[in-house]
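Same chain, two partners: chain A is paired with chain B first, then with chain C.
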Partner chain A sequence: MISLLLILIAAVFFIGIVIKVKAKIAARKMPSVLQPVYDVIRLFRKGAIYSTTTSILFRVAPLIYFATIATAMLFIPVGSQKSILSFQGDFVFFAYLLAFGKFMMIVAAMDTGSGFEGMGANREALYSMLVEPAFFILMGSQALFTGYVSFQDLFFHLHLSSQLSYIIGLASIYVFVYIAMVENSRMPVDDPKTHLELTMVHEVMVLDNSGFDLALIHIGTWLKFSIYGTLISGFVIQNSWSWYWQVATFFGIMAAFAAAVGLLEAFRARNKMEKNPQWILMLSAIAVVIFLTVLIITQKIILN
Partner chain B sequence: MTYIFIILYAITLIYFALSERVKKFIWLLTIQGAILFGIVFFSLNEIEIFDFVFILVETILIKSIVVPRFLNRVRKHNNLKREQEIFVPVFYSIIIVVVFITLSFLLSNSLNNDQIHTKYFTVAFASVLFGIYFIIIHKNIFSHVVGYVIIENGIFLLSLAVGSVMPLMVNMAILLDLVMGVLVLGVFVNRIGDTFDSTETHQLSKLKD
Partner chain C sequence: MDSMLIVLFKIVITLSLALFVVPRRFQYYSTLVLHAALAFITSIWALNTLAASSKQSLAFIPFLGSTLNIEIDPLSSFFILVVNFTSITGIIYAKGYLQSYLNKKNKMEMAWHFFNFLWLHISMLLVLMLHDALAFLMIWEIMSLSSFFLVIFESEKKETIKIGIKYLIQMHVGLVFLMLAFILAYVQTGAEFSFEGLAVYFASHNPFGLFLLFFIGFGIKAGFIPLHSWLPHAHPAAPSHVSGVMSGVMIKMGIYGILRVLMYIHHDLLDIGIFILTISLASGLIGVSMAIVQHDVKKLLAYHSIENIGIIGIGIGLGVIGLAENIPVLAVLGFGGGILHILNHSLFKSLLFYTAGAVYTQTHTRNIEQLGGLIKKMPKTALFFLLGALAICGLPPFNGFISEFLIYVGMFKSLHTASLMADTVLLLSFSGLAIIGGLAIFCFTKVFSIIFLGTARTAKVEPATEVGASMLLPNFMIGFMIVLIGFVPVIFMQPLATIIGVFTSDTAALHELIPTLNKISLSSGVFIVIIGIVWLLRAWQQKLQTVKQGPTWGCAYAGANPALHQYTATSYADNYVQLTSKLVNVKKDFKEFGEDEIFPKPRHFETHSSDVFEDVLITRPTNKILTWLEKIAVFQTGKIQHYLLYALVFLALIFLLTYFNLI
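Up next, the complex of A and B:
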């Protein structure tokens, strides 16, 4: 229960920190850290407008999207705090739960019958598909390393002690940060601030959503960032630490992750659309190297 | 500690497959030189001052400062920016480099020989294979030089794999080969660039007596 609470608190402030960092770098006046929350409250007050070409699918998709993310959040532990739900192999369930939500959004975008939204849906499907091997190879490597196959046991028994295991931790954090960026359609793959529909990926997909639905989609993004941030923090936080030290580290990592996202978005240009697939595949390639490292540590590959 | 540098070396090979800018190739060669120094430094059990100086000169000075600087001058002279002519799309190159790395790791695992240090063999073999592949897929002569240096780095690691001590003569020969090779090829690239305003290999077929 405590882990859920911590993830929710982090989610509320996450995007606020990102926009604060971006504004600071661009020498603009910094908005309040709660500005995204005010925006979402404003959206909740508005009614949603539906196009006449859309069906019931379009209306339920944002709800299902939000529900899948909220359910996926229940599987994530923070430090030694247990997650609410946990079973053997739950990371596979977690990945496909998020994929199901994304699938519903893609179908809803197709449902509007707009050419632009179809194009965005097409890109989102491709990138999600390409990033999936990276996630599974990485989680598979950690499962092999620790010998456990649920998020809770896996992070509970993940002790980075030898020198070789540090490189696994560092490389895993690197890959996870970029998986989070791809999954949330952020900078190197997609620019959330672009004005041109032709260069959008996620934004063009949700172009027809308004009011209540759009607010749910925004909250979904916060939660996703928070979930991935928690997974990243799992590589750093050790169970032997006292609880207040764990919580402080958790929020520290969340703030650092948010600042890193802000810095990336401020300084990095978006990849060319045609370069995106190869860039995402690179994450899987690094995940394979991590897997080989785990094979060396676990003595599956014996070298002298 | 050696393993960390070996894994980092494998990651640089992936970045070689990913990058398309000539400047990035040179930057990656610099990093590879530094990583090679790390590998050698942490694998030598007892180090003599002469050996240490020689390794320092070979890896840091030559591989990570002199060669990249020279290549950078060649790049500026020929105004090379981005590699546009690649025979194989980068997407497939990344898959192929992963196959190379996995293959050479598995091969090292099956080499149960006390004479060979298989931990160096892992990336050494991958590096040689990838260097050859790198030369094949690029049309630009400059990239061929880069591919040649990648192969040389692989051979340097192979020399560590087969010998329990650093064979000095072998290393001297490799070093001489590398410096001369890069120098001669660099001058060659400059001349081709001056004559044809381009450094692509198909220009060479136009050469006549």
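Up next, the complex of A and C:
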């Protein structure tokens, strides 16, 4: 229960920190850290417009999308705080559940009959397909390392002690940061602030969503960032630490992750669209390197 | 009891002949009754066997001087139940689907069709129950023949006959391999000419060679790449209830054969496991990639069958590797996932074929580029197609997820203790499975959106209405099973453990998984509850606010018109095609714009894809043979004088050869 609470608190401030950092770098006046929350509250006070082309699917898709993320959140532990649901192979369920949400959003975008939204949907489908193996190889590496197969047990038993294992930790964090960026359609795969629909991925998919539905989609993005941030913190937080130290580190890492996203988006240009697949596959390649490193640590590959 | 059932079973088989004499209006119902009787009798046997987790052997008919027995063990019981369920849904569906053919076909043609449909069911059941090699090969042949006649139902089309012949030839190539394999084992050992005889061979020989022969023979039926090339042609050509049954269960007979042979191999399993796994990974990846570029919905589904046969094979391959490497958890969950996926695939694939057939009866086209917006005209069909699509993509909380989950957990749990070699294999397998899952989502978001969402692309969609009850009832039956397996997988674990028991006695890993599966049910429940809560919240919020209808946002372009500007299947597939152009072999038919063309004229754009394996393995070699045969054809002049001359030359040759003692 506590882990859920921590994730939710982090989610509320996450995007706020990102936009603050971006504004500071662009020398604009910084918005409040709660600005995204105000935006969402405003959306909740609004009605909705549904396209006449759309069907019932368009209306249920945001609900399912939100529910997949909300359910996925229940599997994530924070430090030594247990997750609400945990079972063997829960990360498989996690990944496929998020894929279900994406399936519905893609289908909903196609439902509007808009060429632009079709394009965004199509790109989202390709990119999320390409990023899938990276996640599985990464989790496979942790399972190989610890011998456990649920988020909770994996992170509980993940003791990074030797020099080689620091490489695993660092590389895993690197890959997870970028998986989070791809899953949330942020830089360098997609630029959420672009003004041209032709160059959008996620933003163009939700062009026809409004009011309550759009608010849910925004909250979904916060939660997703918070979930991946928590997973990243799992590589750093050790169970032997006292609880306040763990919580402090958790929020520290969340803030650092948000700041990193802000910095990345402020300084980096979006990839060329056709370079995206290569770039995303690179994440899988790094994940394979992690897998090999674990094989060396567990002395299955013997170097001399 | 059993002797009575055997007699009944024989009576039902004999009664199939009565289909030719009953009046036309009773034809369908007689077939239905016979199917139901068959399913009832054999399901009792199967359920008894599974409940007692033992084997049954019943005397069937006298055959070549001895008695031919029906043998039912847990493995065949499982397949019998799957075959029965899909055949029953198929025959119920056929009532509505065949409506439009009733005035085109005469009484005998319809009787012949029903007779073959019934015999496909009978032959599949007998394939599962006969162990004598000769009887098995004969009934295997009957299965191929009856399905051949079902495929060429629309025999007035030339294309259909061509496809039918192609299917028939490839099935016989498969049969030759099976015959060779059985004979080889028989000649080498002198043991009985049956599956049991194989055990003797495998005990004393290296099993790989003989297994390879069996794998090719059965693999042609199952549709493993590169043995698959009949499949993407036969499924679209056949009527939808036939494609549903063929793709749902008939191709699984190949898997059954492979599993049956594997049962008797107890040593040198590693090579076999890696072989099955490699072929299966290739089938999965190439199958789904080819599916993405198809425009014909049934051809697309056929390629997905290849993909799913790949997933089943991955499970079985991992199971065999688990046995070889002595990793019980991998063996149990590999076989368990693979076998459960056989059931799952039979469910969602028949559902998809039935709904695709429903669309075909309403719009008379299988080309998805001509469809669109059908969810408003056929809402139930659309939702069932969506259910099938979600299930085939392996998304929770539906059945496809459960079988893939078993395979995944088996892999991840064995990583820590496995050897370096096994770990490498596992790494490739789970990344492969993840990519296959992602591509399946890519493909089914495409096909579902293009057929059912947006607006109509051509006028063919206009007259479509929801199909009748007989075409929807099977969907409800299958849909119920899909949701049942997805939400409460636990109830299927005990039977599954019994079935896996034929491969490994240590099925503890499956029982250990029961708490996990309960938690999956719980998580699925939580998921549904959250959807419900958010839905209620939105209903409340939208009651307070105004909800309006309007056109789709055209991004400030006033002329935006969904009918003209919406995405097409070709454009959806394009970015994937660019990544894998060599593999999917898509050719674009388009003249580029010239530099001096200031006002370009209207242009024509077309894309074609062809199957690389079919081109390289079937078309090119047969074309080469054909060119040689054409050269030989010069001798066929059609003049009797020339033929007499050939006879004379032949006689002279014989004479000379004998004269010089050469023969």
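Note that in this section the second predicted complex is superposed on the first by the 304 of 304 C-alpha atoms of A that agree within 3 Å, B and C clash if a C-alpha of one lies under 4 Å from a C-alpha of the other, contacts with A are read in each partner's own complex, and residues count from 1 in each chain.
The rule is short, and it goes like this: contacts are C-beta pairs under 8 Å (C-beta built on N, C-alpha and C of every residue); 3 or more make two chains touch, one makes a residue touch a chain.
This one's a predicted model, so the numbers in the text were calculated from it and none came from an experiment.
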{"item": "Superposed partners chain B and chain C on chain A - clash or fit", "value": "fit"}
{"item": "Partner chain in contact with A:17 - chain B first, chain C second, else both or neither", "value": "neither"}
{"item": "Partner chain(s) touched by A:288 [first = chain B, second = chain C, both, neither]", "value": "both"}
{"item": "Touching partner for A:301 - first (chain B), second (chain C), both, neither", "value": "both"}
{"item": "Touched partner set for A:97, first chain B, second chain C, both or neither", "value": "second"}
{"item": "Inter-centroid angle chain B-chain A-chain C after superposition on A [Cα, multiple of 10°]", "value": "90"}
{"item": "First (chain B), second (chain C), both or neither touched by A:237", "value": "neither"}
{"item": "Which of chain B and chain C A:114 touches, first, second, both or neither", "value": "second"}
{"item": "Touching partner for A:277 - first (chain B), second (chain C), both, neither", "value": "both"}
{"item": "Contacts of A:164 with chain B and chain C, given as first, second, both or neither", "value": "first"}
{"item": "Partner contacting more residues of chain A (chain B vs chain C)", "value": "C"}
{"item": "Lowest C-alpha to C-alpha distance for chain C against chain B (Å)", "value": "8"}
{"item": "Touching both chain B and chain C, residues of chain A", "value": "277, 284, 288, 295, 301"}
{"item": "Complex contacts: residues of chain B adjacent to chain A", "value": "1, 3-4, 7-8, 10-11, 14-15, 17-18, 89-91, 94-95, 97-98, 101-102, 105-106, 108-109, 114, 117-119, 122"}
{"item": "Footprint of chain A on chain C - complex, ascending", "value": "373, 375-376, 379, 386, 390, 393-396, 401, 404-405, 408-409, 411-413, 415-417, 419-420, 423, 426-427, 430-431, 434-435, 437-439, 441-442, 444-446, 448-450, 453-455, 513, 515-516, 519-520, 522-523, 526-528, 530-531, 534-535, 537-538, 541-542, 545-555, 560, 562-563, 565-567, 571-572, 575-576, 578-579"}
{"item": "Chain C partner contacts - residues on chain A that touch it in the complex", "value": "44-57, 60, 63-64, 66-68, 70-71, 74, 85-90, 92-93, 95-97, 99-100, 102-103, 106-107, 110-119, 121-123, 125-126, 128-130, 132-133, 135-137, 139-140, 143-147, 149, 197, 207-208, 211-213, 216, 274, 277, 284, 288, 291, 295, 298, 300-301"}
{"item": "Chain A - residues contacting chain B, complex", "value": "163-164, 166-167, 171, 275, 277-279, 281-282, 284-286, 288-289, 292-293, 295-296, 301-304"}
